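Per-chain residue numbering starts at 1, and chain names A, B, C and D are given in the order in which the chains are listed.
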């Protein structure tokens, strides 16, 4: 996965965000998004207890008691507020986060997400993944189209452990933007030169298509 | 009920409180207690969201957004803190109030309390009574020995609706101090000139007695 | 200041049959201006969830004269004779909830929690019809979350993003109600620039607040009076 | 300053087999001094409830080398290889809890609530053995309260009554843990006179705090370092 592809995904997800949205960004590709928001003002929520997360500080302004959920030093935007973990998850689980942008190991054709555990590997971390899946109003998965072993991330049925009953609304990869509903997966945009046939070949679930394309 | 009797009860309850106790005072007689604490420093909790309630302000310092649970203007002691209603009841229901001093309509021989509703009358108010009964570490009932109609407040079995499964530890009236346990009621102190027989006559439950007296 | 609206817009935000969460304990932390405005509207069959129904002719008490109320949910109505009378006449349903249970039920409504087990009220009349369950030898009852269509709350100050701070014990139910309404309208005394409230001082983060309305009341001698009715 | 004790008194406050609630998220808001002290003691079979087990050789991570731990309950252990190794070798039990559920379970422990219904983790491996229940068409699971014998928390400042304020996101789990331990010990950088912290700023009221211990750490370049090991 090139940095270019990661940036392409981040840029495309950034388009989905609107002024005033409260957004929680997962680790990995989602953390690139703030660089591509242009004039849009979104409020970043960090589940360890901050609304209004700002960029990384200069070296001389680091405070290791002001960190992101990824445990990196951060700053606060104007209008930021601090709260404890229980209040933070009132915000997340109570449906007050407009958009969560998360990574994923797999997503099924209806948007069900697996993003915390790989079968056969030690399952020792979940963090806030399941809380976000259960509580965010809208979930966008930002992920490479395929796993490192080449297997598609979008699948008919999850083979990795589910993250819960919450569903992703959208999947953005370096090749395409998919939208999920109870009817299944719809391709709503292509982001690379792959033909529909080529795209289907590297995708683990069938999808319908909103536009005509060869 | 003379003011003298009310003060006698308040003074005796005050003796039960210790330096550093966090105390919630109900309406009526309990509100007289702060005047009789002498050098003892207790922290008064008000269920509408304050720990460290101070006395009534002068007229020019009234703020009707700084009031007691009885809705009277108050002040804050040094070291006071403000919180919302849900945090206030974390404190009350989570067992963090050392002593609640409450009024009562009836108390049974094991300390079960009726302090919110009279049968046949409109039952339209409960406030924080049941929360305090369920949550306070120690409950002292401060009450006249008899109701206005002369009926005893200490009874074998409640005829008024119970306030819950929490039990009073002590009842202080103008005549006596009673202590409750699973074994029943024990008279631990007489506060008036009534003989034991006279006291038993105006009391609705039998009690044992820790001291010898005629 | 995109969240600031005129109080007359309340008419479009509240519908007949709505459940309203209204902040305040007694008259402290009460959104008087929003209540005055609501009293002018011809809304019907509202359920009001608030610790009290104000006092006689004060705060929520004025709604008892307008015929807009179907039901009141709260912990203490005895201090407003009008509420008791309307209930006696069968004009008002009342659901009595212990104060702590009320606060926690509303918090759960805002927190995505469906219900919780509390000892409060177990074994009492107020537990009738509620599921009982024993944990570690003690009896608890299941209490369910409360949500509202619209929350009417009162803060001291907002900033331009909608972050709120409250005045002393005027805080009371307002912060939990801010989390549990589909639409949240905060009446405020003052709006300051974002950044003027410290991140530590903000009690209700802006994400919970949809609209701000300037209060029509001012404090005189520590008591709120209607600025429009002042001499 | 009657709540102030020496860190060496920790030995008398923690017993073998205790359940400890330990504040912190990663290394922020971590009571380093109390953990260092605990590592010196010969305690056995402790259960530690904390979001993480620190990092390798840092914070709670050092306890993995002392043989005092029986079990860890938290949301994320993958970032400390030692924890994973000890678990693989069968030396450490681990209970994985979603972060929000962990915070809420501890809050309930401090609030007198026995359990609550959440959607988080419903339908997942982490819900195995937990009661499922449908409310309004959605599946929730019952999660039970967590309490501790001793809470070890970290605050920025205390006042002489024991009121606490925290440093930015160093707040995290510390305030809920302050409510849920039978004994609560707060490590602080500084103790100020009562009255110096504003009633609005106090995050943990003193009623929750039993003991204060002065931190042995200082911040250098924004990072905590052991003052005893500084040159």
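Going forward, a residue touches a chain if its C-beta (ideal position, glycine included) is under 8 Å from a C-beta of that chain, and two chains touch if they have at least 3 such contacts.
From a predicted model like this one, the values you see are computed outputs, not experimental measurements.
Least step count on the touch graph, chain A to chain B: 2. Of the two chain pairs examined here, A-D and B-D, it is A-D that is joined by more C-beta pairs in contact. Separation between the centroids of chain C and chain D, computed from CA atoms only, is 34 Å. For the pair chain A and chain D, the distance between C-alpha centroids works out to 29 Å. Chain A and chain C, compared by their mean Cα positions, are separated by 35 Å. Residue positions of chain A touching 2 or more other chains: 50, 76, 82-83, 89, 93, 134-135.
Residue positions of chain C touching 2 or more other chains: 104, 107, 111-113, 118-120, 138, 168, 199-200. Interchain contacts give a graph that is no line, ring or star and is not complete, per the touch definition above.
This structure has the following touching chain pairs: A-C, A-D, B-C, B-D, C-D. Chain D makes touch with chain A in their complex at residues 25-29, 51, 75-79, 83-84, 87-88, 94, 96-104, 106-107, 118-126, 138-139, 156, 166-176, 203, 219, 221-224. By the touch criterion stated above, chain D contacts chain B in their complex at residues 2, 107, 109-113, 159-161, 163, 179-180, 194-195, 197, 199-200, 202, 205-208.
Residues of chain A touching chain C in their complex: 20, 22, 43, 45, 50-52, 76, 78-83, 89-91, 93-97, 134-135. In the complex of the two chains, the chain A residues touching chain D come out as 46-50, 59-67, 71, 73, 76, 82-86, 88-89, 92-93, 117, 122-131, 133-135, 161-166. Residues 104, 108, 111-120, 133, 135-136, 138, 140, 144, 165, 168, 199-201 of chain D touch chain C in their complex.
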